[in-house]
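The chains carry the letters A, B, C and D, assigned in the order they are written, with residues numbered from 1 in each.
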Amino acid sequence: MEYVKTEKEDLPDLRVNIGALELANPVMTASGTFGYAREFANLMNLHRLGAVIVKGISLYPREGNPPPRIVETACGMLNAIGLQNVGVDRFVSEKMKYLAGLSIPVIVNILGDSVEEYRQIAEKLVGVDGVAGIEVNISCPNVKKGGVAFGTDAVMAAAVTEAVKGVADVPVMVKLSPNVSDVTVVARAVEDAGADCISLINTLIGMGIDLKTKRPALANIIGGLSGPAIKPVALRMVYQVANAVSIPVIGIGGISSTEDALEFMLAGATAVQIGTANFVTPRISEEIVEGIHKYAVAEKLNSIRSLIGGLITD
Amino acid sequence: MPQYQEKAIITRVEQFSVKNFRLTLDSPEIASCAKPGQFVMIRTGVGNDPLLRRPFSIHQTSSNGAIQIYFKAVGRGTDILAHVKKGEALSVFGPLGQGFKVREDSPAVLVGGGLGIAPMLFLAKAICRLKNVCSKGLVILGGREKNELAPLLDDFHEIGITLYTATDDGSLGHHGNVVDVLHSIDLPANCTIYSCGPEPMLAGIADLARQNGVVCQVSVESVMACGMGACLGCSKPRKDGSYAHVCLNGPVFNAEELKWNT
Amino acid sequence: MEYVKTEKEDLPDLRVNIGALELANPVMTASGTFGYAREFANLMNLHRLGAVIVKGISLYPREGNPPPRIVETACGMLNAIGLQNVGVDRFVSEKMKYLAGLSIPVIVNILGDSVEEYRQIAEKLVGVDGVAGIEVNISCPNVKKGGVAFGTDAVMAAAVTEAVKGVADVPVMVKLSPNVSDVTVVARAVEDAGADCISLINTLIGMGIDLKTKRPALANIIGGLSGPAIKPVALRMVYQVANAVSIPVIGIGGISSTEDALEFMLAGATAVQIGTANFVTPRISEEIVEGIHKYAVAEKLNSIRSLIGGLITD
Amino acid sequence: MPQYQEKAIITRVEQFSVKNFRLTLDSPEIASCAKPGQFVMIRTGVGNDPLLRRPFSIHQTSSNGAIQIYFKAVGRGTDILAHVKKGEALSVFGPLGQGFKVREDSPAVLVGGGLGIAPMLFLAKAICRLKNVCSKGLVILGGREKNELAPLLDDFHEIGITLYTATDDGSLGHHGNVVDVLHSIDLPANCTIYSCGPEPMLAGIADLARQNGVVCQVSVESVMACGMGACLGCSKPRKDGSYAHVCLNGPVFNAEELKWNT
C-alpha cells in the first residue's frame, strides 16, 4: 500500500516515524472517537490526517453497555460504551474495504479478554489489506473482565505485547492506562516485550451521580474520563514515559487545539491522537494539521521533528 | 448525506414564555438540505464548559437560508442559549440523523407534546405539499399551558391543516394531554402517526397505534456526545435486544422497532 | 474544648461523626486552600463550618517552591506550592491561638519526610489547645522526598499511620493519594493500621507547558491538579473506598456546590472538604452549609446521615 | 481589613483601542473602603472555564459607589471581559492587598507604563489631596502608542498634577519609554517614586531610584489563584531569599525588598 506522502523537499517537513510506519504528519484520531472514519468523510479531507485509529475491535461482536453510556463533566465527559463493536471478522469483511481505500495509514485498536484473545485478533489482521498498524488497548476501563487488569499490571501488559508482536506483520503500538501508580514501570515492560511504540493516555476511571434520582449517571456506574479536564495528567505521563523509554511515544488526552498538540510534542510525543475534541468540533483533526503546518512555517522549522522532547527544563 | 459545521449568525430571538425560546439562525448550507425530523448540534458556550454540543430538532427552514430551533431552558447549556443576542454567532453542526419518512397516500397525524412540538412545524409544512396526506391529516399539539403553544399556532394555521390543542392546565384547547385527544378522535383510515415528545407520551401513542393497526413514527431523545455516529454513546434498546443509535438510526424510529418501558 | 453544636432537637440534624469527633455539619475546608482560616474571617461566619483543616505543617519551616507555583487548566488548576509553612513549632506558638478561639474543630494537616518525622510532628501537637484532629498527608505530590512514596505504597502508608496513631491524643484522618492503581489497597492498609478515618482525594499529578517559552508552566515541572476537572475521579475513588473500609470516609475533589457535596455523601462520604472552590468563591464553604440545610429541609430528612452511601445501584 | 464578594452591575463600558477597555462597576462596599494600589479579583465566565478569578488594579473609585478597572484583553479571561455589556453583572471580590503608602511631605513621582497606568489615576487623586506631595509632584505615563494614553489624559489633567507622556512609537509625548523620561528630568528633592508596569520597567526604575537615593514603591504582578493569602501561589522572591506573597504583602512593595532579575 502506498500513501500520499509529503516529499522531503516540501518544507516544513511534517513527517514523523512511529516504528517502521511513516506518517505524513503527527495527527491521528483516537480510537472510539472517530468511528470507522467514514462518518467524517463528508466533513473533512480524511487524506490530510497522519493516520486514523478505528474503534476498538474484539474477537467476538459486543453489544456494549445499556444507556446512559455518556455523561458530561466539568471540561470533560465520562463514557462507558462497553466496547460495542462488530467483532474482528465482520470488521475485516465490512469495514476494512472502505478504510483500505484511504490513502492514509489505518491503525486497528484491539481489545481482548485474555492474552490468547489478543493474539487471535492480531492473527486475524495479518495480511489484511489496509491495516498499517495495531494499537493494543490494555487500558479500557469499561469491560469488567480483562481490560483494567492488563493495563495496571506490568507483567500482564508485557505478556499481551509479546503475544501480539509474535503474530503481527505491522508495527504494534501499546496503549497505556493512566490509572496506575507509576506509568513508567508498565511502559518499560511493554518496551522490553517488543512494542514498536507506546500511546497514552487512555481514560481516567471516573464516576458521575445524578442527585435527583440518587443513581449513578452511567448505567455501568464507572466510566472513562476524557477531554480537556485530563490534559494535565496526560501531559505529565507522556513526559515521564518519553523520558523512560526509547521507542516513540504518542500523546493522547484532552488535545483540542494546535497548541495542545504542540505541547505534547514538546513533552516528548512523536505524534498525537485527537479524541473527545472530535465530538465538539468534528473538523478539529484536520484543523490541527493545518495549525501545525502554520506553526512550523511561522517558526521556520525545517522539520516538526525538531520539536519532539524539546521542553526546556534547566 | 452532506453535513456542515457552520458559524451561524443569530438573526432573531423570540421568547415565548419564561423558559421557552425560538432562535432564527442564518445557516444556508444546513437549511438547503435539512429534512423534517433531522436535528443540529449546537455549541452553547465559548470555553470548555459546557464541553459538548447540544442537540436540537430543526423547527423550520426557510428558502432564504435560515433555520430555526425551538427550545426550553432546562440546564446549563440551554440557559446559556436563552441569553444569546441577535447578531451573535453560534457554531451549528448538521443536519443530522434520519428524519421522518413521509408516507405518500397515507393521511398524516402529527402529534407533538412539550418540546416535541419543535420538529412538527417543519414536518407539517413538508407534508402539506402532498395533497392527500394533508387534507385528511391533522396536527395535535400539547403543552403544559397556553403560553407554550399559543405563539406557534399562527404558523400552523397558515399551513391549513386541521389543528387540535391540549394543555395540562386547560388554559388552551383540550384539558389534558395529546394522548387523550388521540383517543377521542377518529383516526383517518390508513393514517400514519408522526410523533415527538416525552417518552411516556410516545409509549402511549405507540400503544394506541398498535391497537389501531396504524404505522407510527416516533422521534426520541438520548444524551449525545457527537450526534453523528462516532461515539456510540446514544444507544437505545431495540425490541430485539440490540441497541440502536439515536443520532444515526434515528432520532425518528418506527415505534415497533424500539423497546418501550411500560 | 466545647463547640457550638446543633442540638438533637434541631431538625434537620446536620451532625456527622468522624471517629470520636462530632461535626455540626459535614462541611470542612481542605488543607492548603483555606490558609489558617483567619484569612476568611471577615468574609464569612467561620463558626458555621463543620471543621477547618489548616495548611500542611512540616517538622521544620519550608520556604516552598520558586514561582510560578500555580497555573490554570481546563476547569482546574495545577499547584506546586511546595508546602511552604512555618513549621510545627511556630505553627503551635503563632497560629494555634487564633484557631483555638474558634468554636469549631480545627484539624491539623501534617507532612513528614520520614515515618519518624510524622511521629515527631504528631507528638508536638499532643495536648495543644484547639487541635481537634490530625490529617496525615501521605499524598502531597510536590515534595521530592517522601510525599509520593508514602501515599502509593500500602506498607509505608500503614507505617506512617501507626506512628502517628501511637502518639496522637486526637482522631487521626489519613489523606490518600489518587495516583495509585488501586486506592482500596492503601485504604485497607491504613484502616488496619488504626486510622480513625480516611480522606480522599489529594491532587492528581499533572503538568503544564508554556508553548511560547517552551518551558514547564510550573517551576517545579509537575504539580497537583485540583478543581472541578477531577471531581469524577474523586467520586469514583470515594465510592470504592467507602465500599472497602468500615471507618468514615471524607470526600474531597472538585466540590464547588451543594449538589457536588451531596453526591459525595451518596457515594459514601460521611463529610466533605472544599478545596479549590474557596479560591473561586471565597464564601462557598458557608454557602454549601446553607445549601445542605435547605436540601435537608426540602427533602424532609431528619438527619443528613441518612444520605451517606445512599446511592441506588440495583 | 474588610473584604467583600459583590455582584457588581456594569454601568459603563469604554473601549479605548482594539484591546484596551475601561469598565465602571457599581460596587458600593468595595468603593467605600478601597485604597490606591489595591486590587480586585473578578470572575470572567459563568461556567468552570476559565475557573479562577482574574486580578485587576482599582483604577478609580467614586463617591457614588462605583469602581473602575482599566484592562487589556490578553487572553481567555480578559477576552470575555472585553465582551461584557452594560447592565450585566460581574462577581467582584475585594479590595485586596497592600496599596501604596503615600508619604506625606515627600513629592510624589508617579510612573505608570502600559497597563501599569491603571492604579495611577486612583493614586494621583489621593495624593493630590495632600498639597506638598502634589504641587512638586509629577506623573509619567507610558504606552505603546497614543491610543493607549490619550483617552486617560483628561482625567489626569483634571487633577492638576504635572504630566509627562511617552510612547514607544512617538505618537504622543516623548518617543521612548518612561524610564528615559525619568532619566531626562530632575527628580524633585526627597521625592518618592510610585510605579507600576512591566517587570523590566520596574527594574529600571528601582535601579534609578537606588542611584538617586530616593524611596521607590513598585506594584508588581504574579499569577494568582485566591488573591487573599489562602493558596500561597503568588510567591515573589525577596532579596533575602525568602518569598513574599504578592496578594498579601503586595502588590505594592518597597523596591528594595524584592529581588530584581537584571
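We take it that a contact is a pair of C-beta atoms (placed from the backbone, for glycine too) under 8 Å apart; a residue touches a chain by one contact, two chains touch by 3 or more.
All of these numbers come straight from a predicted model, not from anything done at the bench.
Farthest from chain C, judged by the mean position of CA atoms in each chain, is B.
Computed from the mean C-alpha positions, the centre of chain A lies at a distance of 48 Å from the centre of chain D. Rounded to whole angstrom units, the spacing between the C-alpha centres of chain C and chain D is 36.
Rounded to whole angstrom, the centroid-to-centroid distance between chain B and chain D, based on C-alpha atoms, equals 54 Å. Counting only residues that touch two or more partner chains, chain B has 48-50.
Counting partner chains per residue, chain A has residues 74-76, 227-229 touching two or more of them.
Viewed as a network of touching protein chains, the structure reduces to a complete graph with every chain in contact with every other. Across the interface of their complex, chain D is touched by residues 32-35, 39-40, 42-43, 55, 63-72, 74-77, 79, 81, 84, 227-229, 256, 276, 278-283 of chain C.
Those residues of chain D that touch chain C in the shared complex are 1-5, 43, 48-53, 91, 93, 222-237, 241-243.
By the touch criterion given at the top, residues 73-76, 78, 152, 179-182, 204-209, 211, 213-216, 221-222, 225, 227-233, 235-236, 239, 254, 259, 262-263, 266-267, 310-313 of chain A touch chain C in their complex. Touching chain A in their complex are the following residues of chain D: 48-49.
Within the complex formed with chain B, the chain C residues making contact are 74-75, 228.
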